[in-house]
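Two complexes are shown next, each including chain A; its partner changes from chain B in the first to chain C in the second.
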Partner chain A sequence: MSDHTVQKHTAPREWLAGTLFLLPAIVLFTIFVVYPIVYNFQASTLDWDGVNPGRFVGLGNYTRLFQDPIFLTTLKNSGWWILLTIIPQALIGFFLAMLLNEKLRGRAIYRAIFFIPAVLSPVVVGIVWQRIFDPFNGVVAKLGRATGLDFLVHGYLADPKSAIFAAIVVNVWMWTGFSMLFYLAGLQLIDSSVLAAAKIDGAGTWRTIRSIIWPLLRQTHLSLLLLGIIGSLKTFELVYVLTEGGPNHATEMLPTYTFKQAFQLQSVGYASTISVVLLLIAVISSLSMVRAFGSGFLTGDEK
Partner chain B sequence: MTADSKAILAAAPPARTGSGPVRPRRRRRPHWAHAVLAPLAGLWLIPLVMVVGLSLLPTSNPGTTALGLFPQEPSLGNYVQIWTNNPILRNLVNSLLVTVPSVLLVILFGSMTAFALARLRVPLKAVIFGALTLALILPMSSIVVATFKILQAMGLYNNLAGLVLVYTALGLPFAVIIIRTSFLAVPPELYEAAMLDGASKFSVYWKVYLPLSRPALAVVAIWQSMSSWNDFLLPLVTLEDNTLKPLTLIPLAYRGTFLSQPGALFAILVLISIPIVVVFLLVQRHLVNGLSGAIK
Partner chain C sequence: MIAAFKQANPDAKIDATIFNYPEYLVDLQTRAASNTMPDIVGLQPGALTQQYRANLMPLQDCAEKTWGADWQKKFYPIGIEQARMGNPAGDENFYTLPLLVQTVNLWANTKIFDEKHAQIPQTWDQLKATVNQLNGGEYAPFMLPAKDSWLRNVVFLQIANNVEPGLVYKAEDGSDSWTNPKLVEAFDYWGKLFTEGIAQKGAIGLDAYPTGANQFEAGNAAMIPLGAWWIQQSDPTKTGLPPLSEGMSGYQPFLFPTIPGGAAQPQLVGGIDVSLGIAKNTKNPDLACKVLTDWIAGAGAQKLINTFNDLPAVTGLNPEKFTSDRQKQIWTTLTSDWMPQVKYSRYLKTPQMDTALGDALSGIATGELTPQAAAAKVQAEQQKVNG
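On to the complex of A and B.
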């Protein structure tokens, strides 16, 4: 840690000043982050519609969840999501960053084109891609009809077999530019003298990328991996707009299932249980990553 | 700047056939990267071309499009219609009323917290930092029920101020982590020197640390603008009055109505996107530097 303190004998006054600096954040945080977490734990022990007094059921909601086939579907979907978004986004993002780190005409325009999807609202992205995949008016189907490639004329989001993968394609389109930006930022930190030395030693482009640049970007890979896992587990908005978790739960994720239970089925106790389990999965995956790789990639500290 | 963002969105058709303009240049000093980048960028642009294209569908006969992407007879009719027939300006103002205060508050509170964590002696530093990172992984969907109840209890249900507070709280972790790293990069001697000169802690924070961290603040600003402007989950469950709804809720709230007028729907999608794309283009050049300061 590179924390720094000036005069040790003024500790109480320092503490007071520090606390004043922290106060607004602590207050907001306690109300809107800590309390909801506690609330979830408490509500997860109730059979409760959110309005009338709830009935205490102990761990009943948890046993129900672990026997719920839809819970299994959400886990499977999250698994696909983690695998099929993180890897393509990282590879394409890295590739783009390598190309767009050089001086190149139109570099800023290329960067903007790839990053703009990430700044759009999931409402916009979801509705646009619904239309793209529309079997009647969508560009994919129209292209299929125009070229005779009949497999393109298909309701990808309406078919339970393909819906989750169609949603994943949308996610890759949306977030690849974000990975690119992270890699561009990581590339700024690579000492150019290392690369110059590699060149003098006769290392080719491919060799330099594989043996020097890729390993030096370790922190970036790890940050993207963690953000990708968390982001996949948290996926809600995009799926909600694209399919609402359907057809028949085929694209259900833990957050969409929570939402459905809480606001459509008025089963707030059960919804809280799903939230708690989701939070635990997220915390455990993050902690195990910090355990395995140190926390430097998260906090920016050298460790 | 609106012209700029429109240029990016509207420059789509020429860029899609990008291999065209690239080829002549190839005869001079070609950069092989364009051969890969241009087709890929073209592919990436298709949805953006489409959203602009379909917003220009003629209101009377919206069926005729080239590949479902662009109308054969583009018209601005949909924009005229949403502007005159709906209280869309009201929704736009609501979005701004939520986004601008939450961005300012996140930057202010986030940088204050970051300053205390980076430079001051405070108790329980590790606990605070740990709690912040915990919140980074907290899905909004899992706190939305509790938030709904809290806002009700605070009398902030069906109120834009409630949204501002929640967005600020949820935006703090990311802001603190990014800004703290940037503050740590400021030489501590600067802090000591200013303190010895008798400056107050607040003025060191305000006059030295904040101005030196502009790239990090730019990253936080764009990130928070995105989260606040783009969110629809919280407004969906905490706002009742149509006059309070932000822009993002309109496509969902009037889904049925839009079935018969797809052009108007896409015009609203363009309207939702333009402000955030403009903000992105404004801070774009700071982004990479701001992030590289933050992830080093």
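On to the complex of A and C.
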């Protein structure tokens, strides 16, 4: 038998074997990802309470959505959330990672302490921080009254102008440890000979961080950026417990508004519309990032 | 409750699942969509019951079979009225029957009041004076957990019914308007809770559960708006009760103070806490009927009421054991004096109006809306809902 014949016979067999190995993942992906997306899109074309037969409204829900001031507020809040969450988390996480990458006594304990908030239940975090921020009886207010720092006595969660930013502060507190962990992992991957060479060449700490370490952590930055965008768009429990989207929708996010429409206002069709838009935003963000920066940060390749 | 039923019916098998409320709504919708409704389901009156009406069987035959032709007289009037809230015109079926009912009212921390020689306020001016008198302590004179929409709404409904009894419901059905000056006045008095320093600082950021309730139970507030269900804090089946909650020693319920120029007496607002329904496609309708009626007025109900969870939907059902005279006095006030007289619903008929009202009250609380603007917004939504 010739090589060509052998290749001809093994190629379909390899294809079949490959397909069979992929099949479980494809089936699960279809059932748990593709089907809900299609279902959501179908539901978004209905005026439907989720239980009784719905009424087809075509793109009517979408027209209504883009004129809905609360939806526009959720977009604005998502924008703030992404901007004011990702950057501080990255900077503080990087700073902590740099510190805790050094041979410090008890650094494992410090790493654990900074990471603990990321593994706490968002419900617990929300309840505790609500009490911390309570201007009547909370820790922050009591500190303010004791020290004369009046700005600490303000009801940040009760003020529509500041509530979203107070919620963002809590979110940064909660997830900075996660960024720290990513940067720690990234720092381990930097070749120590590069850092040694920089030292020999006379580069100071700040120059080394700026010109060598920070650029070499490119994939970590991009991973955190993508995860941060998706995580921000998905934020639900923390906001729901902290403020329930209030006061007066000032902290409403896409998922909290979706929940209210679906389960409190019995408007599953409209809620599905919000979900579809949320999905589109997430997909467009991800694809834009891949287009701008290449897919290397996802696959681990150089580009 | 299951054990109590099974004692008399040993062949019965009952599986019960308890959820927290948001997860419950998700589960219920999923079950309805997948045609896997449980035999017996707990629902709130109005919109939630109506949403599942097509999945529920009418219960009046079950009720009549168990309790006789005049079975409706067993229940507090507001419970019967609310059980059919939202039924389409001409549909007189009971798709759910009330399990527990409640008033919405205020509670006073009597230890603080005694220490300060203060009187529980009966009028708005007395409320203001009492708050002034109690100011300056480590506790809030009037703790208003206004983050929760449901709580904002029940406080407003108490105010509105004290301003002009029943007017809110006329605005709801379209025979009057939310912009009626009396309702605008009610919105104004709601706003005064914040602008006149009655409610504590940051009230709109505080939730009723767990934070507000914990604070009140810990003695950090002299007054709080909640409802009859607060008596459950003295549940004798629990151990390690805070001192104030032991036998209700530190609490006294009272009605929202009267408003100047309004009704001479405070009005009673309340309704169903939770109802039970039976799935239309249950494979065990007779057993489901037996369980449902037992849990409402039988041995199972007695077990529930013994925990003081809330007030029974049926009259004459009392806990088998009281842990103090105070607890018994409060129970009697709630079940014999107040509940039979509750005329005004603590619910609006649709979730859209509940949300619109809650948003309007939040807007007033934060200063973003005037009472007039708030009333106009609510009226606009009411017109949409009424078509």
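Here, the second predicted complex is superposed on the first by the 271 of 303 C-alpha atoms of A that agree within 3 Å, B and C clash if a C-alpha of one lies under 4 Å from a C-alpha of the other, contacts with A are read in each partner's own complex, and residues count from 1 in each chain.
Here is the rule we go by: contacts are C-beta pairs under 8 Å (C-beta built on N, C-alpha and C of every residue); 3 or more make two chains touch, one makes a residue touch a chain.
Quick caveat: nothing in here was measured; it's all calculated off a predicted structure.
Once chain A is used to superpose the two complexes, chain B occupies space that clashes with chain C. Judged by the touch definition given at the top, the superposed model places A:259 against both chain B and chain C.
After overlaying the two complexes on the shared chain, residue contacts for A:22 are found with chain B alone; chain C is out of touch. In the superposition on chain A, A:247 makes contact with chain C only, while chain B stays out of contact range. Contact with both chain B and chain C is seen for A:137 once the two complexes are overlaid on the shared chain.
With both structures placed on the common chain, the touch criterion links A:155 to chain C but leaves chain B unconnected. Residue contacts after overlaying the shared chain place A:111 against chain B, while chain C stays out of touching range. With both structures placed on the common chain, the touch criterion links A:127 to chain B and to chain C. Of the two partner chains placed by the overlay, only chain C lies in contact with A:52; chain B stays clear of it. Ranking chain B and chain C by residues of chain A touched puts B first. Of the two partner chains placed by the overlay, only chain B lies in contact with A:146; chain C stays clear of it.
Only one of the chain B stretches 39-47, 93-101 or 147-155 carries C-alpha atoms that clash with chain C in the superposed arrangement, namely 147-155. Judged by the document's definition of touching, chain A residues 50, 127, 131, 134, 137, 141, 259, 262-263, 268 lie at the interface with chain B and also at the interface with chain C. Residues of chain C that touch chain A in their complex: 22, 25-26, 29, 32-33, 47, 51-52, 54-55, 140, 143, 147-149, 200-207, 210-211, 215, 220, 351-352, 355, 359, 362-363, 365-366, 368.
Contacts from chain B toward chain A in the complex involve residues 8, 15, 25, 31, 33-34, 36-37, 40-41, 44-48, 50-51, 54, 65, 67-69, 108-110, 112-113, 115-123, 125, 128-129, 131-147, 149-150, 165-166, 168-170, 172, 176-177, 180-181, 184, 188, 191-192, 195, 201, 205, 222, 226, 229-233, 237, 248, 251-252, 262, 265-266, 269, 272-273, 276-277, 279-281, 284-285, 287-289, 291-292, 294-296.
Those residues of chain A that touch chain B in the complex are listed here as 2-6, 11, 14-15, 17-19, 21-22, 24-26, 28-29, 31-37, 39-40, 43, 50, 96, 99-100, 102, 104-106, 108-125, 127-129, 131-132, 134, 137-139, 141-143, 146, 173, 181-182, 184-186, 188-189, 219-220, 223, 230, 233-234, 236-237, 240-241, 254-256, 258-259, 262-263, 268, 271-272, 274-276, 278-279, 282-283, 286, 297-301.
Taken in their complex, chain A has these residues touching chain C: 49-52, 127, 130-131, 133-137, 141, 153, 155-160, 163, 243-244, 246-250, 259-260, 262-266, 268.
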